[in-house]
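Have a look at the structure below, then the notes.
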């Protein structure tokens, strides 16, 4: 196990825009990196380059001292000792579930007994022990995804690549699987790279979160850090469910703003040069006082309502409420804290 | 547009356990039904029977007065005027994105101009206008899913079936797409059946939520109702992120329990016949008073920490906290309200 | 009720009956008529004598041994080419696969003769190397092994084309997942690629096997000198000494061939049995294996194989066309273009034959493609006994030697058709019908295996889009099975182009085919003319293939087998 | 309807014959089909079985084949006025068929071969071991007749064939294949019909043909009219034409020995009286066919 290093990696598919552009990233030894970013930003492409399915058009990838790939040469995937859950699962339709899961073991030539035990264990973990003899075509979407998961975790890889491994699972299974990842990570010490659209998943599992957009890396930081101190508008709006306001901030203020600092700014219209301010929903309190906003929409989410509030100048704030305000109502809010991006 | 009626529908795949067992369900005219349930419970199978890809082994499906299918006969899918987003997308690899999206229009023989306009609109909606000439193989996972979405919404179907249509999209797109569904639903009045694992999605969009498990229907109700008054342990634990306690309730209590009613029960050990009590995380307050619990785990989720608290007798409670307690700490909680399942 | 179908049924109600009636006309009727004639010929007994004749069982044994060995060899060569030229990055893939399709155009007799000469006492090659055997030493090709080897060489392109279509359907992420699991290239090939391409491979093997059973040219040249009779050559000897029992004997022999081919089909079903080949999600493996330095081994190997399969026989043909008489050494002085002038300018029948054969081959290839697309659909969707019977009935005519098919068709069609009161016999249409019957199996095989690999969701999505059966056939299914459809059309076209034995009995004035003309020229001592015409046929095919190459941009991806 | 001729003559010869006939009878049009005798017979028999034979006139192979058709009642009896000019052995006395030419089978050898054979017995000599090839009676009717003729000769008999088999002789394909094998030097000696090597030699091929001293067998390419013919008159004219001096001279021009008495020999052939044609009784030969084939394959299946 060693550090995974991406050094100025680019990938062109010949479509004009590069899928990945000059991305540099270190994943520390035994780290658990969550890779976030909008659809089509190049996450899968990064994983595929790490695994060795695509050669970088430029730059180099190392695992510790060992060169994995650069534009000229590339270690074949079968010699990288990695494992991956594919976004498309990539199950082998001609093999049973058990054979799919056991294939990496078979290639490594383990004894029959170990083979059987490890398959059973892996299938137990993903709750598919009684589907061992089925073919992938006879499984539901989530079951297929779980087979892919079991196959990924059955060996002892140096690097584990997970491409939306839980997208098709219900919440319960998801929680169980997250637990499995955590255990696996602790037990094996493998370096893990995890692509997901589910942020609470990412935050809960990862030691570091990387945010990409349009092939570029925007920020890497531990979860708490990236949530509390995102850099730039894109990261700010991508992480968490906050809203970004353009406000006319006076100079000399700290990045973390309090209600006292915000209140005067909110009252004055945004003119001239503006700054982007991130306001998290949990930092907004619906109270009788504060500034007036109009409820633009309120959506039931079970636990609470998710509100979109409109400021006077038309900018919006997102927040939650346990009660349902009527659309069009005027509510007063205070903003405990905000973050200048 | 008319009511969609599933009448005692069953489906056997010959694997011993039926995939769907005696399911009866009405989706009201122009309704928006969210279908929830654990992985492998038969959701996709229900959609496939409504679409006409699988014939029910037993029972019948009607759209208004019109029989769609029973065990003996079936209206072919091409004559049902439905649209579907497949869990596996089912894009046609030999066609460009635009052709994929436009195919249902082409079959309907619309004029060239309408054809082009409608495709452009649909692709704009899913933010793929500049990928119109690509092949599906050259798209990312989320982009493929969006093509499938665009194809589904391009015509004016009577019934729209959505099988995890947003599983691979980031939060922003997801919100936009939800908005699109809502608009589409209002504009077209189509009956929609929506399978998802994301409950806030389901709650926010649906007029009714149906919960399935192991091929059976457990409960159908409007979102607020099913969240507030779930029937049975399964629905209770599936909807929302609550925890279910087994408690020794005295007789004569209402189903909705207050702290006053709960407090004595929690103090006494659960012996003899017990009742299942659902406690929602948002109904738990961490306060200096109340009963003592030990923090078993606390996971960062960005907005807040998700806690698992252990009661004295080992049962667990889930709740949230904006601050991070240490694992092993003792915290006192009060439970504002709970629900007897 | 109107518009309803049986549950789980995606094909229109008329489709299966339609296919059944086609099969009845093309296969059941002629075969049944032959059987009836055979039984009548045995009116006074004698069937037992034929069945207990040692020669019959000997021939059956030889047929089986040579066919099985030949199939193995052709699978070996065909797979080597298909794999290297479809999935790896070796250089010059296009030209190599272009050339590999050509050997099908060289009549088997020519290849056989070329090889006999190459390995015989008068071989220029061996002479040059100084290892030519002395005059009169036994010819090693006159043996079971020799026959099998030539079968293998002759049918390798069939396997190549069918397997290539299968390989194109293997999903790329499946290969990648295997590589990441730690499987090196060969292992991935064995565990993932091969099993997933199995339908294509088995289709190829089945075509090769059935072709071997029915082949006449190769065992006639290589077997008879060593007194090795296969069923096909044995049938021919029965016709040579015609008696009133001949039809009976021939029917029995044909029955044995039919049994072998049905058994072959059963083996094939068994091999595919119960498994699922539906590719889930995105297909399209494209180039997935880097050969690296191995290319310096692979490319020469492919070139050597091509030399023996194509170059040597072709130059034997060319030499035969350029010398004035057989046995005259080819030198600059003896060389003459007389034969070409004769066939091109003076023999009017050449033009007729070109026109006829082109017409027949084109209509057969295209017509059978349409039938195959329909039949393949039905046969993969309904997997019941009836489907299997229909599949066998389609198979049998191809397994029978052409002369039998022709006789059966004469029996049915020599008399005017009832009701219509027209006689097909003596027109080009009866040849066309017989071609349809003979080559249906060739056309169907690759298409069926491609259907097996299809992800059903793709058709379902089209149905939901509102596309009726023909619509989705045209827009979705056919483009998706395009590589197989391309293979099917090209296979049938090439085979029909220089077909001989069926048309030999069915032609009449004005309906000569190229095969018939070449054979007659050769048989009448004009071997130089025959060679010249064969060379011209090969050139014509090359030109047509180049035309296809030019068209390829407008055809669906994968249709043209030498483009990747 | 046109007169339909089924023939096994080579292409050009068939065309020449038909052209000659049509020149002599401008009001009759002829369609012809040519193929090897087995295929022509298969076609004809299948047509007969289907109840609609297309052919009117046959001009094929040998008297044994036509004798068989005659015995099945498939041939029409026609007494041609030209018959007077033929040996009685050359036509059926009831007029079902008439021989039209003599195609003899002798020995061809490659000019580079060591031994210059002069008799059939020479082929069984040790010098020819493994160097001889011949058409197989199992696939060629002419080869069968050849075998039946030779084995009826005193001093040859089936023992001769046995000796050939032991001497490594191969029995392969048809006459064309034999010629190719010998011309290309793959084999040194072969049994083959006369006109092929004589023609090829003229074109420069390194082959020589000999009429062995014991005599040669001959097939006579008889002509006959099918009983089912709907064109009897034209068919009779055709028979008369091929038997006439004019028709016979046409064959000579093509390089065949004429059957009619008093017609000159073609170029490259020795005088008619130096060639000893061995006799064959069609009816007897027909009767023994099965047994002879068995004997033959008994000798030749062991190698």
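Chains: A, B, C and D, in written order; residue numbering restarts at 1 for each.
To be clear about the criterion, a contact is a pair of C-beta atoms (placed from the backbone, for glycine too) under 8 Å apart; a residue touches a chain by one contact, two chains touch by 3 or more.
Just so we're on the same page, UniProt names per chain: A, B = ABC transporter ATP-binding protein; C = Iron ABC transporter permease.
Everything numeric here is computed off the predicted structure, so don't read it as measured data.
Set against one another, C-D and B-C show the most C-beta pairs in contact at C-D. Distance between chain A and chain B, defined via averaged C-alpha coordinates, is recorded as 22 Å.
Per-chain Cα centroids separate chain C (Iron ABC transporter permease) from chain D by 35 Å.
Chain B and chain C (Iron ABC transporter permease) have Cα centroids lying 54 Å from one another. Averaged C-alpha coordinates put the centre of chain A at 54 Å from the centre of chain C (Iron ABC transporter permease).
Multi-chain contact residues of chain C (Iron ABC transporter permease) (touching two or more other chains): 280-282. The residues of chain D never reach two or more other chains; the list is empty.
Among all residues of chain B, those that touch two or more other chains are 88.
Chains touching one another, given as pairs, are A-B, A-C, B-C, C-D.
Chain contact summary for the complex, chain B toward chain C (Iron ABC transporter permease): residues 51-56, 67, 69, 71-84, 86, 88, 90-95, 103-104, 106-108, 136-137, 151, 155.
Interface residues of chain B facing chain A in the complex, by the touch rule stated above, are 13, 15, 36-40, 43-45, 87-88, 134, 138-143, 145-146, 163-164, 167-174, 197, 199-200, 203-204, 223-224, 227, 237-241, 280-282, 299-304, 306, 322. Across the complex, chain A is touched by residues 171, 173-174, 176-185, 187-188, 191-192, 195-196, 198, 275-282, 290 of chain C (Iron ABC transporter permease).
Residues of chain D touching chain C (Iron ABC transporter permease) in their complex: 9-13, 31-39, 41-43, 45-47, 49-52, 54, 65, 68, 72, 110, 129-131, 133, 136, 138-141, 144, 168, 170-174, 176-177, 179-180, 182-188, 196, 199-200, 203-207, 289, 293, 297, 300-303. Listing the residues of chain C (Iron ABC transporter permease) that touch chain B in their complex gives 1, 3-10, 280-284, 455, 457-458, 460-468, 471-472, 475-476, 479-480, 482, 556-557.
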